[in-house]
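As written, the chain order gives the labels A, B, C, D, E, F, G and H, with residue 1 at the start of each chain.
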Amino acid sequence: MDSERLVELLQKVRQGKISVAQALGRLRHLPFEDLGFAKVDHHRALRQGFPEVIMGQGKEAKEIAAIVRAMRRRKANILLTRVSSEKMARLKSLTAGLTYHAAAHAATWTGRAVKITGKGTVLVVSAGTSDIPVAEEAALTATVMGNQVERLFDVGVAGIHRLLENRLRLDAASVLIVVAGMEGALPSVVAGLIDKPVIAVPTSVGYGASFNGLSALLGMLNSCAPGVTVVNIDNGFGAGFAASLINRV
Amino acid sequence: MDSERLVELLQKVRQGKISVAQALGRLRHLPFEDLGFAKVDHHRALRQGFPEVIMGQGKEAKEIAAIVRAMRRRKANILLTRVSSEKMARLKSLTAGLTYHAAAHAATWTGRAVKITGKGTVLVVSAGTSDIPVAEEAALTATVMGNQVERLFDVGVAGIHRLLENRLRLDAASVLIVVAGMEGALPSVVAGLIDKPVIAVPTSVGYGASFNGLSALLGMLNSCAPGVTVVNIDNGFGAGFAASLINRV
Amino acid sequence: MDSERLVELLQKVRQGKISVAQALGRLRHLPFEDLGFAKVDHHRALRQGFPEVIMGQGKEAKEIAAIVRAMRRRKANILLTRVSSEKMARLKSLTAGLTYHAAAHAATWTGRAVKITGKGTVLVVSAGTSDIPVAEEAALTATVMGNQVERLFDVGVAGIHRLLENRLRLDAASVLIVVAGMEGALPSVVAGLIDKPVIAVPTSVGYGASFNGLSALLGMLNSCAPGVTVVNIDNGFGAGFAASLINRV
Amino acid sequence: MDSERLVELLQKVRQGKISVAQALGRLRHLPFEDLGFAKVDHHRALRQGFPEVIMGQGKEAKEIAAIVRAMRRRKANILLTRVSSEKMARLKSLTAGLTYHAAAHAATWTGRAVKITGKGTVLVVSAGTSDIPVAEEAALTATVMGNQVERLFDVGVAGIHRLLENRLRLDAASVLIVVAGMEGALPSVVAGLIDKPVIAVPTSVGYGASFNGLSALLGMLNSCAPGVTVVNIDNGFGAGFAASLINRV
Amino acid sequence: MDSERLVELLQKVRQGKISVAQALGRLRHLPFEDLGFAKVDHHRALRQGFPEVIMGQGKEAKEIAAIVRAMRRRKANILLTRVSSEKMARLKSLTAGLTYHAAAHAATWTGRAVKITGKGTVLVVSAGTSDIPVAEEAALTATVMGNQVERLFDVGVAGIHRLLENRLRLDAASVLIVVAGMEGALPSVVAGLIDKPVIAVPTSVGYGASFNGLSALLGMLNSCAPGVTVVNIDNGFGAGFAASLINRV
Amino acid sequence: MDSERLVELLQKVRQGKISVAQALGRLRHLPFEDLGFAKVDHHRALRQGFPEVIMGQGKEAKEIAAIVRAMRRRKANILLTRVSSEKMARLKSLTAGLTYHAAAHAATWTGRAVKITGKGTVLVVSAGTSDIPVAEEAALTATVMGNQVERLFDVGVAGIHRLLENRLRLDAASVLIVVAGMEGALPSVVAGLIDKPVIAVPTSVGYGASFNGLSALLGMLNSCAPGVTVVNIDNGFGAGFAASLINRV
Amino acid sequence: MDSERLVELLQKVRQGKISVAQALGRLRHLPFEDLGFAKVDHHRALRQGFPEVIMGQGKEAKEIAAIVRAMRRRKANILLTRVSSEKMARLKSLTAGLTYHAAAHAATWTGRAVKITGKGTVLVVSAGTSDIPVAEEAALTATVMGNQVERLFDVGVAGIHRLLENRLRLDAASVLIVVAGMEGALPSVVAGLIDKPVIAVPTSVGYGASFNGLSALLGMLNSCAPGVTVVNIDNGFGAGFAASLINRV
Amino acid sequence: MDSERLVELLQKVRQGKISVAQALGRLRHLPFEDLGFAKVDHHRALRQGFPEVIMGQGKEAKEIAAIVRAMRRRKANILLTRVSSEKMARLKSLTAGLTYHAAAHAATWTGRAVKITGKGTVLVVSAGTSDIPVAEEAALTATVMGNQVERLFDVGVAGIHRLLENRLRLDAASVLIVVAGMEGALPSVVAGLIDKPVIAVPTSVGYGASFNGLSALLGMLNSCAPGVTVVNIDNGFGAGFAASLINRV
């Protein structure tokens, strides 16, 4: 919309040819002006029942407590990721009402009950017991974002029967989050068994040539099964968030 | 173990020739032959109207022609990716009926009309003109898999207004595929504007420290906008496939 | 600016309390609306006399010719980078008026004479003879962007006296572009001699553990001399562009 | 060879005690002592009002205190970077007069008031809250080097409107320092909006495939917006220094 | 589907309550439940006398104690790897009966005496004294898996005579595990002297450009002597396990 | 053994105190002298019926022909790897008697019939059709080294049932070579199903983030299934050679 | 400032036309022109009989011919490295008198006979036949720089006896250049046998995880034998040059 | 030499046809037997007055004390590298007589006075103050190995005049060790000024894209000045050792 069109619009307002409300409506739908009034809505997610998220890693308990207090005023639910039990202890002495989820190394504050708005079930699958913290972060994220979440843990590819015994559960899910470290092969096998979206989460589990998760990351990016998409190493939160978006499509 | 052998076993049970315990024992020791009847169905995708896919890269025209002929007998539609126009010319002299999509460096054979089974629109966004072949591969894949597909090309982050002018189109999509080379920043910006799943496709466009797409890949994996998932460098097909799965959730 | 303020503004227009021009002016200065009318100006550079730029690498002569023709209609000068002499020959048969700069592997079309708008001299320094194409790309870019450009070539650190003999020329420059491959040490030495901005350009000159310019790139990023900033490997154009911006500060 | 020796030589020439040829011979064989008088001036920066700089990282409080004392004798201002609050506490017990800038993890001693010698404003832009220490190091450096400095923090690309709302401030700056971790996309967007020099500073903020800042570094080197130059990961000081040089061109 | 359900199905067949065809149909649609009886046997290794293995690294003493107690009920021998002496001390206060092998940083519980089932001797060769913990982990693994194990330590390639003096011992082994850090050259030399399988174990011993074992790993993968296969960096356990499988072929 | 001892020994020979045979025996067992007479036997492999091997890559047909002629004089069988069909055509015009194995890109000359000296079966398993040349190189190597060889191709993990249907064949093998590109997950799955040695061969099949086989290599080195050892990327020959050594233990 | 100007200055001093203080002042302000007489002597090497060196790679035959002609006027010997036989053929048609050394891919022009100025023998050792071009480049360089040069080729570590049989030759050398690709282990073994300087040259021989010589480079840098120093991958020239300097110490 | 020839030799001894001395002589020159009597001499270095060396890093004070005691019995001098002052304190309580060299993080025990056996001077040059510990390790190593050692520290390339002022000292040295972190450019500049062997030592000094010394290492390997050879990152000891060998050529 160029100046001429805007001038024309304003002149019509002035001349009473269109009402203020009409002008407002048209401005609202202009390519950019709507950005002005309706503002790029970073609260959109919140209105949908998504929580506000704090990445706890690298922040002091004191800092986190301050952010939590500020957020609570906005009445949004809160998801606090990457908080060790030690930091959680300090945090509890500073602010009340947070629920700690030890397995996920995360905490939540749910001022409003979480409504299930996701259409199907999000299934979180993990390869080994060491991958569980990341898997739980994904599961918790999907839960507080309003999804029915199920877990299928410790079904790594070196014991393929454990996975195959659970094929019905794989089939029943709408979206799958598959978490694995080391060679990161599990998402390929899972995606070959079903035809649902698979979000692969590489973990930093391993040593030596795992290079802190690089091997799992590369393995997942090179998956021979189509339909697999990948998030950052150890990014359970990102996977849970993406799964939630997919589950509302 | 095929059906015949199982029928024989069951008939012996029925006829009392072997006991239930004996039958149980023999079934118990069939390592996986029983898979023969419960068969993991790799035709499942085809029954949903998905095409069979041939990766043309690294294959001779002659080899491709043979595979195409074999597939056509199964009557599935065919998607042939990564075929240069030179190879396509040779291929056309060997087998008829393929439609070449020059922009996508791909060909299709659609024995059966593609039915739109995806629920919403898949929007393919690309950063620069050099990213278009990958973007077109994604778009074509999503199209032959039964989706309504739209394109929004050449809206890289260095001219952010071009993207913002198209916010309504971003909002209208169900799933977004965002294709970018160089710094790979576009998916972060797009995912920050909407709340739909974003599949990021890094391309090998660039030179020097782009390291054949590594910079774009790392950029996308480290996106500061949640909801972004990533596929392999230049993997337009994988993105189109994943978007199709998401669009049917 | 929220809806209320906009409504208020429109009502004032309607009531004749402010003129259309005043309203236009205020809208123009709102955070975003101005984007709507004044449009993010990607022609700003052009109005300053900067050329339009085509990256020739990866484009066919035919494609380039088409872009050149389109650009010429806009009457901007044109800088066409990364064109081999072979491609230039084909291009000349398709479109007339381009001047080829063989040393820079680049071509220009200057419909309008380039005016010197840069305040001081841009000095392009290079380490070895193999670095000259990148250095010339930088020099040509700075020239067509309206700068006085000088060259000081083949003054690598293994013969430090060649550089030191030219200290007066280093001192006389306003901005320096320093181009080097292999260990990429020249920018550190140059920046230690002067107190002007130094833009370092690593080149892919070298073999083995130069890893196509990585060694020079890392060397420059780790320069022990402050004031050095770095562009991508072989990115003479980027260095020339940045130097031009600096020379107008 | 100091001045005295040269005076003596010239006097002998004048007095005819040695021939011109002999004097020439002796001068010719002074490898570099003659540098003694023409001396490369490493105090040049100081005379311009630039501070002396101590990199605190890897040095003990005791060592730093000794260096500070030595420098104070030269009466130059001092910038001490990368000092944690713990080390600062120890340092304060050893030497007085240093001002700690907690946000920048840096300290200053300003024996002489800093004069504004930079022509325009240096604007320091940062993407996320975790990038602030690096951004503050850049801002402090530019400040003690005599520049008018402004800050625009927490305007990452995932919420592009926050950046766009501040376009007037971007336009008003002479030089921009843009600090970002993770995908490092912010400099590309900023450089696309303005036509001023942009110095990009990648930070080590992130985890997993950020590889301690590598992803941001590569993203910035591959920026699709020309005019961006890059410094080392977390090198706020280097960016502030380069910006100061540019702001005096 | 567990045995009970299958028995029930077979009884119905026997009793003529359902037809063979019906039974076939139901079996055919048990996706993988039939795995329940044919069960992939993950206890196969145990029946062969192999120990159950716990990776101690990254687990708390308390967690390990719980796993040990659970395993002891199954009466399998136990191999616990990567346990520091400090953690072992805590562990001993929690559970009794474990034998600590300090050199291997490992512990064992051998409820059943280990029977020698490997056919020949497994020889563990190591390059330097710092490689010994990894070599001992390999030796202990092979020992508890039922092999005659010998050690030949500190025979690195920089003093080749030490290795050559022991040629008879090299010749006498059936399988060799060769452990080396730094340049990782020992497996090549050993494999050139004998014609037995050589399992190479790179270690993270070294500094600087050893990149935590990468140099040794690459050296071993590029061995100019055929017959060398490689395991992960520091993976003494994996080498001992593979040697045990080979020694039973 | 120092000179004195040797003098003493020779004097005893001279004096008839010990026989020549005794002296010979003692010399033979001296640390190194035995190397002198028994000579490190690089023909050991040949006597066992192993072929002589020529790596064809990087050699001209003329050079290869000369080597073949020289080897034939020694009467050993010959294995010539990495020869394209074009080079083979040139080679055939230079020397007769070579048999080309197109699928393996290799040729053999078998002057002596290959005797089966391996104890069990070597099973070569491959993931995709593009991995077949490497798999065939491994199979051919094992064959000419005297092993019973079987093939199980195109059983990648994305269609896990294809592998599981062949469990009996996996169980029946003595040694397995598992060849895979992309994510390289197949060896982990195979090794989890059986308890035989598995030699994993990563291939350079893939694109983008496969980094020419790096992803498969890392995946295999980080296998969660113990018993897997790894050779260099595309090194079918090395895997076939190692399998042959294992099959004779 | 050339000699003439300095003579003029000194004459003015002598003639009393300018005072000593004035002369001092002018000398003092010649930043580095005084270098003009004390001149860093880049012809020093030439006077010692070292050849002038042209790196042929990346240069056209025409360019090389021009450089050769220019150099011949200076009467120095010439070493031209990295010239294929094809390029040499073109070069011969342009300029006469060059001798081609096919094995070294290099050419020489020796206007003056090379005098042996090195004190001892330079021994060039190489691991495999594919390493010979690099080894020959090193040998030729040392030869034209005035050294007695010997060769010991094809003594890789997989057949260690071939090296040990030549211990006397190793002992007899003054400086050793050891060339190896793949795992690059040979320098460690050689340096362990002798106490002379060893210059290690990694080559790009290998494939897959050799990463174009990276594995050999890292192996050599991590040599467990002290006394080994390393040059760039394939840098035979650099090794020959360094050996020549060492042989004159 | 095969058995037959040895039998023949012994028989001649027995028959008195050749003397014991003659037999000894011939055995001494057999390919390997000489290894038997002259034994690969790993004490050769010690007899030349070289110290025995202990790498202190990764060893407990107790372990070091035990090694020191064992070595002292052999009466060789001892060089103990990489010992922090804390570890040294513990060590002193366990064993007496060690001299600590704090700047080099090393200790020595010199039972025998070190004799100067090196022919010229070893000059250790370093770039920055943080590089001094590595430079001192090199200097101490060369000193205890019998060389005249000089130091020239803090002459980094960003203040090139500091280096040039010391050209006479550079010229006077026989061998140079040049130590630098960050961009590692100093060895190139030094090697361009002199024609003596230069051993370059990259250090891990730096941050961000120095990648723990990788940037300096690559810079040195790609030096544009011939005559530079390189050791591992931070390997002052290796450089001192190599310089000592060179200084005795």
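Quick notes on this one:
Heads up, the rule we're going with is that contacts are C-beta pairs under 8 Å (C-beta built on N, C-alpha and C of every residue); 3 or more make two chains touch, one makes a residue touch a chain.
All of these numbers come straight from a predicted model, not from anything done at the bench.
Any chain bridging chain E and chain H, meaning touching each of them, is among F, G; the list is complete. Repeating the B-C interface, with the same residue numbers in over half of the contact pairs, is the pair E-H out of D-G, E-H or C-H.
In this structure chain A contacts its sequence twin chain F using mostly the same residue numbers, the overlap exceeding half. The distance from the centre of chain A to the centre of chain H, with each centre set as the mean of the Cα atoms, comes to 55 Å. The centroid of the Cα atoms in chain C and the matching centroid in chain D are 23 Å apart. Centre-to-centre separation of chain E and chain G, using mean CA positions: 50 Å. For the pair chain F and chain G, the distance between mean C-alpha positions equals 39 Å.
Annotation for chain E: residues 31-32, 35, 39-40, 159-161, 164, 193, 208-210, 214, 217, 221-222, 232-233 touch two or more other chains.
The full set of touching chain pairs reads A-B, A-C, A-D, A-E, A-F, B-C, B-D, B-E, B-F, C-D, C-G, C-H, D-G, D-H, E-F, E-G, E-H, F-G, F-H, G-H. Against chain F, the residues of chain G that register as touching in their complex are 130, 159-161, 164, 207-210. Those residues of chain C lying in contact with chain H across their complex are 127-128, 156-160, 164, 182-185, 188-189, 191-193, 206, 208-211, 214-216, 218-225. Those residues of chain G that touch chain D in the shared complex are 3, 6-7, 10-11, 13-14, 16, 20, 23-24, 27-32, 34, 37-39.
Those residues of chain D that touch chain H in the shared complex are 31-33, 35-36, 39-40, 42, 57-58, 202, 204, 212-214, 217, 232-235. Put simply, chain G touches chain H in their complex at residues 40, 44-45, 48, 53, 119-120, 161, 164-165, 167-168, 174-175, 193, 195-197, 199, 217, 221-222, 226-233, 237-239, 241-242, 245-247, 249.
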